[in-house]
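Given below, in the form of structure tokens, are the structures.
In the two complexes that follow, chain A is the common piece, with chain B as its partner first and chain C second.
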Partner chain A sequence: MPTLYDFDLSADCYKVRLLAAILGIPYDRHNVDFFPGMKHLSPAFLAVNPLGTLPVWDEGDLRLCSAHAILVYLAERHAPGGPWLPRDPALAGEVQHWLGFAEGLATSAGAARLAAGMEFDLDLAAAQARAHQLFERMDEHLWFREREGGNWLCRTLQPTLAEIACFPDVMLSEEGGIAREDYPALRRWSDRVKRIPGFEVMPGIFPAKIGA
Partner chain B sequence: MSPQTQPDPFMRDQWYPVSALQDIAAGTPRVTKLFGQRVSYRREADGACSASTEDRALPVLQRYGCLWTSLGTPGELFEIPEYTEADRRNVAAGTVAVQVSAQRGIENFLDMGHFPYVHTGILGALPHTEVKEYNVEETPDGREIIATECLFYQPMASTVSTSGADVEYIYRVPHPTCSVLYKSSPLDEKRLDVIALFGQPTGEESFRGHMVLSILDDVNTDDFISYFQLHIFGQDKPILENQMPKRLPLDPRAETPIRADKTSIMYRRWLTRHGATYGVIPAQG
Partner chain C sequence: MSDMTWVPVANASDLAPRHVFQGRLLGQELAIWRADDGNVNVWENRCLHRGVRLSIGVNTGSELVCQYHGWRYANRNAGCTYIPAHPADAPPHTICNRTWPALEQDGLIWTHFAPVDPPRPESLGAGALALRPQPVAAAPELARAVLAGLSPEGFGPLGQDLVASGPAGRLRLMVQAADAGRAVLRGLVLSDEAPLPLLRRLSLVLRLARDEIERRAATLPVPAPIPHRSERVAPELAEMPEMVSGPARIRVRVAKKQIVGEDIVALELAGLRGTLPASQPGAHIDVALPNGLLRQYSLVNAPGETDRYVIGIKREAQSTGGSAAIHDSLAEGDLLAISEPRNNFTLRRDAEETVLIAGGIGVTPLLSMAAALRDEGLPFTLHYFAASAETLAFGERLALLGERMVPYLGLDAAQTTLALQGILKGPGADRQVYVCGPAPMLDAARATAAEAGWPEAAVHFEYFANTREIDTSSSFRIELARSALSLEVPAGRSILSVLQEAGVAPPSSCSQGACGTCMVRLLEGEPDHQDVYLTGAEKAAGEKILTCVSRAKSDRLILDL
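Our next item is the complex of A and B:
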């Protein structure tokens, strides 16, 4: 059984849990107390991942240490040729664009959440300003996608890894003091993500139907 | 928000937690805030802990797995007798920073009505939403609020639960930003698990919640117990941060309570009677 080194409140770890839930991939979770315990910097964890970052996916002979690498691996391993990582060259490029965009969300909206909620010594105002810029771009993009009849970030009929990678830092943004009132298309998109079959929540994110 | 509101005497002269003891390593001081003031704390070479502001040393107390300090002249910290029972697991289960007043945090801790909606499948489940009649009173010396006979259906009341059950709760509020909750232990029907929320008001509209447990659990690791508590607190955080106003209004007409809010009503009256103004919106006239 694969092991996920995981912190419950981490947006990056949630990306992996979310895709695993949707694809029905079983795993053992190994809790690493990132905050306040700072266990990701402990010798025991640095022996697993010298970078000291979460999540880590461990299958014994394979160990992957970044959320997006794990997403790509799981999609190809468990749903090869499926909708999550399209083989079409243009669509494959679009997915990669959004995986990169999601890194930007992590270092802006995600960083603001770490500063506001976990007392990380980061420039909160700058992170919030950058997150608003990215949300505005995303909202505009999704608005045009809706005009074309599309529901998702890439020009696909079904959700892709782009959704999984971008969704957590968008949905958790209020914990970093970044409101989403001004981004209606972004909000509609996040409601659609919540209705993907197999969708799973994390603390801070509620299901589309409360109490479900 | 005003640049630096001073705490009222009642709030100032209390002990406040600033960190779990297990999170204070020897060496470099760590910095946090209390009432908007920078407070640094450290562990000395001999293992003792100290705390100070920029210009003075502060009193310290090591109790219930936390380091406590005060900007005023605190009296005795409240007692949790169960904490010293030999067969209990005492776990400092985590710290979460929340952008809302500490009193809002305590009020949420006292509320059973939100369990099925916010902690679905763990502390509550639809359609079991009813908060049954319960008792609330002040202790004769007026120092504490106690709510008893609180019964609530919970699918997974604790880390050792194997099925849903009606769980009995007792709440104590012995401190303006701390509450201690007792709930029936799934392992021993005659004894109660203790779950405490210790609030550290970092500002008027922000606090750090330190969760401390003293429970009967011979199965799970500290790590899993901590994970379980952080998971629950993580569910509360967005709800708390969306509350308006961010300070707790004490005027009985400011918000519309229902019967299930009896403890909260008593808590607000108690804060008013003690003259609390920090982190709250005092009643006018």
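Our next item is the complex of A and C:
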């Protein structure tokens, strides 16, 4: 059984839990008290991942230490050729674009959340301003995707890893003081993500249905 | 005034099925949603219960359900249809969210705040397309001024009415005054051009206009937001018992955990931010432990020791999880949620002499009292009963009391009673006695004080457990005055558990009549007090009841719930 080194409140860890839940992938969960325990910097965890980052996916002799790497691995391992990581060259490129975009969300909206909610010494105002710029671009992109008849970030009929990678830092943005009131298309998209079969919540993210 | 005409607040396409759109007009937050029957609702964006935004709630197609406590509001009339905490009751008609008129025209959703409907806005014509709305962080008047100077390619100059006609077609821009310093640029276009490229082109026009507007706004003072106008939530609704987070609201960090006696640890709890609320000698806090239990601990704090709360916890042999969780699992750096300090054991400072009697870990509130009395130079003695010298807690604090701390070590029940008779032999109107410790010792002190002729009001007790046998054989009705509920309490069940089942329970903690957390006001009926929390006088007055153990001697009780 693979092991996920995990922290409940981590947006990056949630990406992995979310895809694993949707694809029905079983794993053992090993909690690492990132905050307030700072256990990701403990010698025991640094022996697992010298980078001291979460999540870590440990499966046999494979050890992957970044959320997006784990998403790619899980999609190819458990749903090869499936909709989450399209093989079509253009669509594969689009997915990579959004995985990169999601890194930007992590260092803006995600950083704001660490500064506002977990007392990390980061420039909150700069992170918030950058997050608003990215949200605005995402909102415009999604507004026109809707006009084209599309529901998802990439020009696919089904959600891809782009959704999984971008969703957590968008949905948790209010914990970093970033309201999404000005981004109605982004809000509709996040409702659609919540309705993906197998969707799982985390603290701070509500379901889109009653009794889901 | 723009609130006296119809103004666009959303695109029709914003109202996706089962979605709740979040909008804003003149500082008023709006929750806008389309029911499955097509009706568009424009509501105030807050649940009447606790003010939570309805835009994070769930659109069921016929109702909007608040994400927080599940209050449901109906399509159209916004009346509350169901309150999960009152499953047996129809919500009163007065619980109705605030609504505004909705008009759908030209692919836009319009509303207004006028007392009567203004004339409908002029339609741009069949086939009009709504532009992508563009939010702007600037005063609406400034946005309007910048738009009036635009001349989009193919449409020509807009002018004051923000309307232009040209070879590309007809264009009308509008400014939604979201707030004093926030606007949304909206627009309609009627054209023969292919829609998507046209919408992209005009979206860029609005985005560049936004940049220009915000550039100009940066040189001006930021307007103060329009004060939020919202209807008051009825006080009886606002005071309904908290169901989610409980009474523990303050987050603290375990700054220090140290052994201060045999099987006794002290925790120093530091606030995560800001200052901790004030406490007085005798006060206690509720501590929400990581294993889900809520426990009361007296504060040991001396006067001025306000940067942290200090509590002492003895490992109890028959621990139900509280003391064991702290001793074994809690570490320095861990976070805890605690309540504000509450004081049911108030120290009078007008006594000629104060007698403090501690049994075991019951010393904690008395240490706080002793430190306060010492600081003020008031006469007192702390009589401290403990099993052995090793079990005396907080040696450093005790040392500061010098000879005013008198230890009594290893006494059996008879010896303890004898010692208490010695301590309590001279009653006096100007002497006050405070006793905290295990129940047998408190009972002995109570009996001794009564025999010695102490007035009840001069002897104060703090129990940490109620060891009396609770008689649950009676059965009776309880009427809840504010909830208009009538419930049956059968033999074998507590009032509290019946209230919990009905979803209207007060906060509770020890479940044994010792802590006072679950106390409610009694309006009518004869109570059967079985707690050790209320004083004899309070019990005789019959105005309060502890719902976890106390019952009724009469057929029914009317509670202020």
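The rule is short, and it goes like this: the second predicted complex is superposed on the first by the 210 of 212 C-alpha atoms of A that agree within 3 Å, B and C clash if a C-alpha of one lies under 4 Å from a C-alpha of the other, contacts with A are read in each partner's own complex, and residues count from 1 in each chain.
Quick note on the criterion: a contact is a pair of C-beta atoms (placed from the backbone, for glycine too) under 8 Å apart; a residue touches a chain by one contact, two chains touch by 3 or more.
The structure presented is a predicted model; accordingly, all values stated were derived computationally and were not measured.
Participant: In the superposed model on chain A, is it clash or fit for chain B and chain C?
Facilitator: Overlaying the two complexes on chain A (C-alpha atoms) leaves chain C and chain B clashing.
Participant: Between chain B (first) and chain C (second), which does A:E200 come into contact with in this model arrangement: first, second, both, or neither?
Facilitator: In the superposition, A:E200 contacts neither chain B nor chain C.
Participant: Please indicate which partner A:E181 is in contact with in the superposed arrangement: first for chain B, second for chain C, both, or neither.
Facilitator: After superposing on A, A:E181 lies in contact with chain C but is clear of chain B.
Participant: For A:D191, decide between first (touching chain B), second (touching chain C), both and neither.
Facilitator: second
Participant: Which partner does A:F144 contact after superposing on A: first (chain B), second (chain C), both, neither?
Facilitator: Once the two structures are laid over each other on A, A:F144 reaches chain C alone.
Participant: Does the superposition put A:G117 against chain B (first), chain C (second), both, or neither?
Facilitator: In the superposition, A:G117 touches chain B alone.
Participant: Regarding the shared-chain residue A:L9, is it in contact with chain B (first), chain C (second), both, or neither?
Facilitator: Once the two structures are laid over each other on A, A:L9 reaches chain B alone.
Participant: Touch test for A:G37: chain B only (first), chain C only (second), both, or neither?
Facilitator: The answer is both, since A:G37 touches chain B and chain C.
Participant: Pick out the shared contact residues on chain A: the ones touching chain B in one complex and chain C in the other.
Facilitator: Overlap of chain B and chain C footprints on chain A: residues 36-37, 119, 206, 210.
Participant: What residues of chain B sit close enough to touch chain A in their complex?
Facilitator: Contact set of chain B toward chain A: 19-20, 22-23, 32, 94-99, 116-117, 120, 125-126, 223-224, 226-227, 230-235, 237-238, 241-242.
Participant: Please give the residue numbers of chain C that touch chain A in the complex, ascending.
Facilitator: 10-11, 13-14, 16, 18-19, 21-24, 56, 58, 60, 65, 67, 70, 132-133, 135, 184, 195-196, 199-200, 203, 207, 253, 272, 333-335
Participant: Can you tell me which positions in chain A touch chain B when the two form their complex?
Facilitator: For chain A paired with chain B, touching residues are 8-9, 31, 33, 35-38, 116-119, 174-175, 177, 202-204, 206, 210-212.
Participant: Mind pulling up the chain A residues that touch chain C in the complex?
Facilitator: 36-37, 119, 136, 140, 143-144, 146-148, 180-182, 184, 187-188, 191, 206-210
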